[in-house]
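We call the chains A, B, C and D, going by the order they appear; numbering starts again at 1 in every chain.
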Amino acid sequence: MPLFNKVTTYETIRPLFFDGMTLLFGGFGGVGSPPGLVDCLIESGVKEVNLVGNDAGFPWIGMGKFICLERAKTLIASHIGSNPVAGELMNQGKLKVEFSPQGILVERIRSGGVGLNGFLTEIGMGTKLEYNKPRVTIDGKEYMYEAPITGDVSIVYARKADTFGNLVFDKTARNTNPYVAMAGKITVVEADEIVEMGSLNPEEIIVPGIYVKYIVPSEGYNWKWIWEMPDKLSRNAPPAK
Amino acid sequence: MPLFNKVTTYETIRPLFFDGMTLLFGGFGGVGSPPGLVDCLIESGVKEVNLVGNDAGFPWIGMGKFICLERAKTLIASHIGSNPVAGELMNQGKLKVEFSPQGILVERIRSGGVGLNGFLTEIGMGTKLEYNKPRVTIDGKEYMYEAPITGDVSIVYARKADTFGNLVFDKTARNTNPYVAMAGKITVVEADEIVEMGSLNPEEIIVPGIYVKYIVPSEGYNWKWIWEMPDKLSRNAPPAK
Amino acid sequence: MDMGDARQIIAQRAAREISDGMIVNLGIGIPSLVPDYLDPSISVFFQAENGILGMGPTPKENTDGNLSNAAGYPVTLLTGGSYFDSAVAFGMIRRGCIDVSILGALQVSASGDLANWIVPGKRVPGVGGAMELAYGAKNLITLMTHTEKDGQPKIVEQCTLPITTYHCVKKIITDLAVFSIIGGKLRLDELMPGTTLEEVRAKTGTTFYQ
Amino acid sequence: MDMGDARQIIAQRAAREISDGMIVNLGIGIPSLVPDYLDPSISVFFQAENGILGMGPTPKENTDGNLSNAAGYPVTLLTGGSYFDSAVAFGMIRRGCIDVSILGALQVSASGDLANWIVPGKRVPGVGGAMELAYGAKNLITLMTHTEKDGQPKIVEQCTLPITTYHCVKKIITDLAVFSIIGGKLRLDELMPGTTLEEVRAKTGTTFYQ
């Protein structure tokens, strides 16, 4: 099935990124963020990027590396506490951050990814995280409307991909990746291992390949656990890669 | 971990059913409906049941067997074409049927199962399937509101369950089961095979046991494919069991 | 031409709409006959809304009670296929991952409205997944005999049966002709072999352009 | 009592809130110390919102970069545990599947309002999963030192910091006392060893009953 082979190189991916784009990324504290694709994004030179992901990573892990370069314009995330540079940029007005409750954020990405038009919740009502979200009254009860999120490009990390893009994940590196994969107009997967179609058990496939446009091989990550870092939360922490 | 053993008998399950209850059931055309739990429901003698599931099954497969006994009061489903008895009962005013688009129905069950307050969609707007569902305008565009669904009891079929209730499914018998499992106040699983905790690969568990209250062993189904039936869609088709 | 022949002719023509690498969803009825006419040299993945991507042909033996298509008939899985739940199945459909959805129809209007889920008081199949397939598919093709058995046209100015989805049909293939709906207008693309323009005009319940 | 001792005392008392068979979610900070004090004879499943049910202790060696808790520290998986995605993780939380959620807090009001996500202009951690844990858990317990380092009370009439969730806290455990919030009113349940009622009154920013 030659047409179903989506494996390509980072050189092919680089031009997919553009200034001002909306980029969705998988990962939770950097775990499950695709390290090679973050580097590819950095090398692409794009700026003014609108990021959507669980968090700002650490300054040397996950999307944190890109955020530290001051080339993200906005970030929708549930927290940025692990990346003090993101906090500095926010306080300096260089990065506009919209905080979302963690599970609500992944549901917003899912809502976009499954072609629905957003959902209602009580969570966050009356708090600063309400921003200007519309309120909707149903049967006399008021809820907050959460809009769906989709992106121009989604970048995702998987343990294994077959050449069609069927994906399986690894432990807590799964996190938001399945929904990020569904919500991108173009979804690019970085996989630790790329296998032939038929190698994955069809019951265990978490993301069917239908959502995946491109697959690149991972060269792995080389970061350290946070307590192994000499200067834990500094922007000057030595990048491992 | 003795407290995490949820395996029990059909005798324990029978009193969970009550007149006028809302019962959610997994399955798609009967495939993936729990045959032993449907029989248990029938034996319980309950009536005026409000059913929610993908479809009305066949008269001799899945929830169809129960519907033919005229003990369901309402049914929310995406189609009833495979069970002509359900159509007769509807036309006689004995069964109130609310039709929902198939994927919208499973999303309504999911919305209840994950603790959200319903969602917006354009699908079905302006058609007979809109019923009296509220319309909501967001950014000048009108959508239809779909309410979450939960149930008093959910009955689910799984290929394997460990004693904590971690579940894996079998091919197209998965269908709505994972969401039905999440949306019941009490969820009962009928499993082909019950295994010790630790026997299932933690990456392959589809429904974590946290949603499951009771597990009963399946004695299997014994139905025939539709073309093997002597009188295919008649209410008089011989029940295989 | 008897009804059986008409159905085969429609399915055969519809198979030409499917090309290499496509993701295809087939409804019940005439669409289920399409795979028999596919060019065997092309690779296609059929999606079934009960939770399969990469559905293969009917097994010759050893049918599996837990492996069927959306109509409840036994199928197989191709290499590289996957199983998933109903929410994922319809997520794909609404999100636009299906290249071509081929559905049966009871009526189609000149502007592409589809009616295929109920004949009030007569047939009550229910809507199933049709609304979402009609909403989400990149290309929606409907297959039907050109007229009812009593000669009533099924391609009409306005549907008289309850609507499944408005303005969704892109192509209509019948035993007499192939139409496209472009910008809300019905265009005749082809006459099927042995049919005349006059016959199609006479048996179509609305005007069309060529 | 130094801050380190205070944290351990709070964690030790909190451990008594956990009984056999419970599903428990622990926030970062003081709650992460609770497992050290659990009765080893009981079986508990810890849920972590990054996708684990049945989280086990820190591995002694061979940490796995793809297996961490929600704070990013390496953990293990107990027998019978499972991995899942973030939507499933928060589905469980909102649906009420967590028996006890134990969170750190910056301020708690007399009526159970929780503030724990931001100190404007100073700390910007972000809200993470706290709003949903506060919304969905059957029982929400907050752990904190009774006062700020400068003596300011953290249990207050009205929170001055931005709210995480209104009317959600059921129990407050500090280094000085244990409180319940019942029907929107603050009740003193216990004094910690060596504390007096007068001290607690003096260091609490609101009235309470006993």
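Here, contacts are C-beta pairs under 8 Å (C-beta built on N, C-alpha and C of every residue); 3 or more make two chains touch, one makes a residue touch a chain.
Just so we're clear, the structure is a prediction, and the values are computed from it rather than from any experiment.
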Chains touching both subunit A and subunit C: B
Remotest chain, subunit D as reference, centres from CA atoms: C
Subunit A-subunit D separation of Cα centroids, rounded to whole Å: 28
Interchain centroid distance [CA atoms averaged], subunit C/subunit D, Å: 55
Intercentroid distance (Cα basis), subunit D paired with subunit B, Å: 37
Of all residues in subunit C, the ones touching two or more other chains: 77, 83-84, 87, 90-91, 93-94, 135
Interface hub residues of subunit A, defined as touching at least two other chains: 107, 114, 116, 122, 169-171, 203
Each pair of chains that touches, named by its two labels: A-B, A-C, A-D, B-C, B-D
Subunit A-facing residues of subunit B, complex: 107, 111, 114, 116-122, 134, 136, 138, 143, 145, 147, 168-171, 201, 203-204
Residue ranges of subunit C touching subunit A (in the complex, touch as defined): 20-21, 23, 43, 45, 47, 53-54, 77, 79-84, 87-88, 90-97, 135-136
Of all residues in subunit A, those that touch subunit D in their complex: 28-32, 54-55, 58, 77-82, 87, 90-91, 99-104, 106-107, 110, 122-124, 126-129, 159, 169-179, 206, 221, 223, 225-227
Of subunit D, residues touching subunit A in the complex: 48-52, 63-68, 70-74, 77, 83-87, 89-91, 93-94, 117-118, 121, 123-132, 135, 162-166
Complex contacts: residues of subunit B adjacent to subunit D: 1-4, 113-116, 162-164, 166, 182, 197-198, 200, 202-203, 205, 208-211
